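Pasting a structure below so you can have a look.
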Amino acid sequence: MSIQIFVTGGTFDKEYNEKNGLLFFRKTHLSEMLELGRCRKKVQIRTLMMIDSLEMTDTHRQTILGSCKKCRSRQIIITHGTDTMEITARILGQTITDKTIILTGAMIPYKFGSSDGLFNLGSALAFVQSMPCGVYVAMHGHCFSWERVRKNRKRGRFEG
Amino acid sequence: MSIQIFVTGGTFDKEYNEKNGLLFFRKTHLSEMLELGRCRKKVQIRTLMMIDSLEMTDTHRQTILGSCKKCRSRQIIITHGTDTMEITARILGQTITDKTIILTGAMIPYKFGSSDGLFNLGSALAFVQSMPCGVYVAMHGHCFSWERVRKNRKRGRFEG
Amino acid sequence: MSIQIFVTGGTFDKEYNEKNGLLFFRKTHLSEMLELGRCRKKVQIRTLMMIDSLEMTDTHRQTILGSCKKCRSRQIIITHGTDTMEITARILGQTITDKTIILTGAMIPYKFGSSDGLFNLGSALAFVQSMPCGVYVAMHGHCFSWERVRKNRKRGRFEG
Amino acid sequence: MSIQIFVTGGTFDKEYNEKNGLLFFRKTHLSEMLELGRCRKKVQIRTLMMIDSLEMTDTHRQTILGSCKKCRSRQIIITHGTDTMEITARILGQTITDKTIILTGAMIPYKFGSSDGLFNLGSALAFVQSMPCGVYVAMHGHCFSWERVRKNRKRGRFEG
């Protein structure tokens, strides 16, 4: 059974619009990143939404929750904006206990070269295969439990 | 206790010498890569050697083995050339059973931009924290046991 | 006599703030870019301002004009946001006729990897050495005269 | 009339073979580089050969000379390995006087990220439009006359 990757947007997939100088979403770079990493694990990628996590509503989170529940794979990675990652993790963590779900993201867009996204994706793929059932946030080389993780916005980092 | 990283060289750390057009080793890029990945796990980096793994002799491998034995951390990552990674893994795996040791490397030098190194480093850091004691090779998003892993040189990939 | 480079900001030097997801200015990357290009021409770099060219006022332009007039080098490059580059070019072009002044910029920030900035900087440095006195915009491999250049914002390119 | 670009190989176009760790040529990256630079000058790209300039023989140089003579454009750029660029420049310079020919190259392969190639290409494109007829080497932001240019191999730079 392959690993399921659900894409929701976030800094990970932001791009620079050279016509107006604004950041925007076009399509996910997940396939490109996995290819760059010479990843040979079988994965399924599905884009659920393409939004900044500050714009994520309860409805969006129910969509994510529903997709995780229905998913036949027991190994799920969710790419997600960092600003509200802990909220989505909590909603999933309180409900789903028979799958390993890893939320991950990036502090810098992948397309901007100096991204931490490739590093985080590598660790998310590893944690999803090796951690016991539960919901986690993989950032900074850490695997934080959904029950304790929170983003320290002032310092721009996750703690837990 | 922090994670121990032993550097041995390999494609990971190769650079291009612009004066003679040859590839060479200067110093490890591990710190730079961990910084780029916004890694916040406590790690210790120590360079044991800086060589192409095709030049690795029994003496070199005994140095690696000795360093792993003496190491107080039970979580060890070894960066290593891919060509003989399986040999070093076997020597370690036959002897050390009370630590989690992850060998990893890259198909493309980190400095050449399109490297899989950052992805592999992320997964190695995750596996070393989450896998049971034993010796493994982390490449392509997989975690191969030392007993089965081998590099398919013709296809340029690890199998196991 | 060395080439004078005046920095005014623009897309060239924008960076991504990973704490709030906004673009901002910190310091110029001109030295870094010239080093990357292995440039060995003697240049003087001076930052006049660090702003988006949409925020550039008459006062800012008088500062640029004054700096160009006082400058002892007859070869001047100005890095500038693309949105109002043509306005600054016109003000300079109407007044200064005894120096070669090249305005250049980028459609994508240098720090975002896929920048046209390095290419434009290379061409600006070449044009400033080889074009007769006058004021020009160097973009897209072209050297546009200040009298005709205009940015086609819809297509995201300069014409002239 | 468009600018003619003749490709001969050199460091510019070298790639890393991840199966054997050697550098090799596949195809030229000139189109990709011009696209990255948002170049909008009309250019014609033709690959004459794909070799290391240390392997360049008299026959190769006669091919280059012949191509330059027959070329209908009076603006020609030649990408060339740096090691013998001065020899080819001399052969062209002694014969062709009614065209502007710019030889350029790179100290680091374009594919290795930290290349000076994009910078040099930008300056070559500018010089070829603005310099009087003659044969030149564009490296390091300089435009060296074929009569004086030489590579200082020890210091890894061009002088003239």
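Going in written order, the chains are labelled A, B, C and D, and every chain counts its residues from 1.
Heads up, the rule we're going with is that a contact is a pair of C-beta atoms (placed from the backbone, for glycine too) under 8 Å apart; a residue touches a chain by one contact, two chains touch by 3 or more.
Computed from a prediction, not measured in an experiment: that's the story for all the values here.
Counted as hops between touching chains, the shortest connection from subunit B to subunit C is 2. Measuring from the averaged C-alpha position of subunit C to that of subunit D gives a distance of 26 Å. For this pair, subunit A with subunit D, the centres built from the Cα atoms lie 44 Å apart. Subunit A and subunit C, compared by their mean Cα positions, are separated by 39 Å. Shared interface positions of subunit A, defined as residues touching 2 or more other chains, are 107, 114. Judged by the touch criterion defined above, the protein chains form a single closed ring in which each chain touches exactly two others. Under the touch rule stated earlier, the contacting chain pairs are A-B, A-C, B-D, C-D. On the side of subunit D, the complex with subunit C involves touching residues 33-34, 36-41, 107, 114-116, 118-127, 129-131, 138-143, 157. Of all residues in subunit C, those touching subunit A in their complex are 11, 14, 16, 18-19, 21, 23, 52, 107-109, 111-114, 153-154, 156.
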